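Paired with chain B in one complex and with chain C in the other, chain A is shared by the two complexes that follow.
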Partner chain A sequence: MADIFREYFTLFMGAVIVNNFVLTRFLGLCIFFGVSKSLNASIGMGMAVTSVMTISSILAWVVYNYVLQPFGLTFLTTIVFVVLIASFVQLLEMVIKKHAPALYNMWGIYLVLIATNCIVLGVPLLNAESNFAFGKSIVHAIGSGAGFALAIILMASLREKLQYADVPKSLEGLGIAFILAGMLALSFFGFSGMIPL
Partner chain B sequence: MDKSLLILLVLTSLGLIFGFILAFANKKFAIEVNPLIHIVEDVLPKGQCGACGFAGCMAYAEAVVLNPDVAPNLCTPGKDAVAKIVAELTGKAAAPMEPQIAQVKCAGSNHKAGKSYAYSGVEDCVAANLLFGGPKSCKYGCLGLGTCVKTCPFDAMTMSADGLPIIDPEKCTSCGKCVSVCPKQVISLMPIGARVRVNCSSKDKGAVAKKACSAACIGCSLCMRQCPYEAIKMENNLAIVDAKICEEKCSDAVCLSKCPTKAIRPFVTGIVPGTENEESIGIACASCAK
Partner chain C sequence: MKLWDIFYKGLFEQNPIFRLALSLCPALAVTSTTINALAMGLSVMVVISLNNVVVSLFRHWVNPKVRVPVYITSIATIVTLVQLTLQAFAPVVYKELSIYLALIVVFAIILARAEVFAAKNTVIPSFFDGLGMGAGFTLAMVFIGIIRELFGTGAILGYQILGSWYNPALIMILPPGGFILIGLLIASFNIIGQYQHKAKAAKAVLQRGETVNG
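On to the complex of A and B.
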């Protein structure tokens, strides 16, 4: 029991910090730069990505293990997952719009952004590639989502402070944001190798 | 079985399954949106300025259609024309809207007001204000770093060479963005038909205000005593003009003549505050004759 717990915990921490999807794998950069202008939006985005990623990982696991593998069609994984995630996000948007309008007002715009994002596709693909069991897939997805949330919240708090800084004209906006992201990635580089995935 | 056939089968069936789920969900979770909302939204100017108090034009359209308590004349950039159409569409009574314009209540340009220190930080009034209330010796005056100019969604503001914003009466929609962004609260909205304005916001006592800026209202109350209609009041060493009384009753702005610092001036739009040319407008002729 303790062994399993330790395994899950290292997997989770590994996904959050060591193999952070944004800062060490450089996935999901478009939403990372697009939404990190304000802290509130970033928190919403982080939560939306985490939940979508978790549920789509579950669905992808089911499809991978019960459809693709038995038929020997694992080379179709990517295209099937793209379709799966896009339709799932659409469905989720409809459900939320109908049953939780308040949540929709908070998350609605982010859901559309997530629909075709590489970070949401990347986690189920990695799960499939590493042949994770069901529990491990979920832990990995939640960890990756938390890692994304951590990265985007760090970035947003930095960028909010940056508004009052005297940035050289040529670097204003995205330029300085990229430099910041590079520095953040460097600092996360320090964790590399601590937990092997 | 042939592999390619299998691929075709699996992908098609997966696609069909997802398609049917989505089609079903679309019916099951359909939300009826009042079509009037989109019509009203099309009428609004789409500056997304938020002057109505809602988060953008879409939010206001939704509120004005669905909520009977939301007035149809909240869109200031749209002026009367939009208010009328919105009122017609939503079946609400439109109260007439008085056109307004933003005005800067400060004439303390760089050469009229002193400096208490040399500021070389970020070119932004909010940032400058954090440093002992900004570099101007008058703690109530315009800082002249142009935060309002940058904020204006309609390009109606420009910064004059002397460090006071000029408001273009043609472009100003009185959305009030500059009013809320100014850290000194030196900008306010004024009815476009106003006669006079006080180009000062200083609440300091006369001697202190005068020392800080040569264009300050020193609170001498001479203008108040001149006015036959009691349209001017003194509050915190500052003359406050009731534009409504002025507009309705006054034909001869006698209040302008006695002001020792020329802080109270005829209301002219589109110029640097404090440079009003009295001869150019008829209303102030009484004062130049004297």
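On to the complex of A and C.
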């Protein structure tokens, strides 16, 4: 039992900090730079990405292990995952719009943005590639989502402070944001020896 | 001649990485060595040109309401073809690029070219538009790859360029170096853009002055 717990915990922390999806794998950069201008939006986005990623990982795991693998169709993984996730997000958007309009007003816009996004597609693909069992896939997805949320919230806080700084004109906007992300990645790199992966 | 213009605009004027900042995303992860950057760039070039051809061929039959799912399915199919080809003929590169190859599917630039160009033009111009955008993307990727590999290891494509006096800055081939380099490159392109803008404005003033005097 303790061994399993340790294994899951290592995987989780690894996904949150050591292999942070944004800062070491460059996934989800579009939303990372687009949304991190405001702290509130970043919190919403972090939560939306985490939940969508977890559910789509579960769906993808089921399809991969019960359909693609038994029938020897693993070469179709990319196509099937893209269509699966895009249609799932579309469906989720419609259901939320109908049954929880308040939630839709808060989250709807983020759902549209993450329908076909590298980070949401990347996690199920990684799960499939490393042949994770069901529990591990979920832990990995939640960890990756939490890592994304952590990175985007940190970045948003930094960028809010940055508004008071005197940035050279040519670096304004995306330029300084990238350099800031580099600094953030550098500090996350300090953890890289912590967990052997 | 017109085809050349369509091809050429993707190289510099509308270079997908530096000018449009589209599809920056996961591509940066594989720029730590020049060879990987080149392989990724060429893969994207193949996907974007073929997808433009497919979209252009079927443009009269695709209902506008379902166009995005159709385009995505087409892109995913072509990406799978590229994956299988690389897996068969260049297994080392395939392994290095790993999931980033599959993630070409969600590159905004490919969908954008299908929507903006291929859905409204005939097959041959669409092919050249894709080729140009892909070439611009490859150029930018290789440029970043060369800088990162040169400063990070002192070599380009594995050949030692800088002598033993050079102490490699390991940060350049790690992710933080990638971020910082892109930030600096964006700033440099902004400076060049401002300079060009100023030069253009000065020229306009000069021409106006001449006509007044004349």
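Rule of thumb we're sticking to: the second predicted complex is superposed on the first by the 194 of 197 C-alpha atoms of A that agree within 3 Å, B and C clash if a C-alpha of one lies under 4 Å from a C-alpha of the other, contacts with A are read in each partner's own complex, and residues count from 1 in each chain.
Methods note: a contact is a pair of C-beta atoms (placed from the backbone, for glycine too) under 8 Å apart; a residue touches a chain by one contact, two chains touch by 3 or more.
The model shown is predicted, which means the values in this text are computed figures rather than measured ones.
Novice: Which partner chains sit in contact with A:62 here, chain B, chain C, both or neither? Use first/second/both/neither.
Specialist: neither
Novice: Using the touch definition from the top, say if A:95 reaches chain B (first), chain C (second), both or neither.
Specialist: first
Novice: First (chain B), second (chain C), both or neither: which does A:179 touch?
Specialist: The second partner, chain C, only.
Novice: Should A:112 be classified as contacting the first partner (chain B), the second (chain C), both, or neither?
Specialist: neither
Novice: With the two structures laid over each other on chain A, which partner does A:164 touch: chain B (first), chain C (second), both, or neither?
Specialist: Only chain B; A:164 stays clear of chain C.
Novice: State whether A:4 touches chain B only (first), chain C only (second), both chains, or neither.
Specialist: Neither partner.
Novice: Could you say whether A:24 touches chain B, chain C, both of them, or neither, answering first, second, both or neither?
Specialist: A:24: touches chain C, not chain B.
Novice: Contacts for A:83 in the overlay, against chain B (first) and chain C (second): which applies, first, second, both or neither?
Specialist: both
Novice: See if chain A has more residues touched by chain B or by chain C, and give me that chain.
Specialist: So, of the two partners, C touches more residues of chain A.
Novice: Just which bits of chain A does chain B share with chain C as contact spots?
Specialist: 76, 79, 83, 87
Novice: For chain C, which residues are in contact with chain A within the complex?
Specialist: The contact residues of chain C facing chain A are 21, 24-29, 69, 72-73, 76-77, 79-80, 83-84, 98-99, 102-103, 105-106, 108, 111, 171, 174-180, 182-184, 186-188, 190-191, 194.
Novice: Touching residues of chain A toward chain B in the complex: what are they?
Specialist: 63, 67-68, 71, 73, 76, 79-80, 83-84, 87, 90-91, 94-95, 97-99, 164-166
Novice: Once bound in the complex, which stretches of chain B touch chain A?
Specialist: Listed in rising order, the residues of chain B that touch chain A are 6-7, 10-11, 14-15, 18-19, 21-22, 25-26, 29-31, 121-122, 124, 127.
Novice: If you look only at chain A, which of its residues touch chain C in the complex?
Specialist: 23-30, 75-79, 82-83, 86-87, 116-118, 121-122, 125-126, 129, 168-171, 174-183, 185-186, 189
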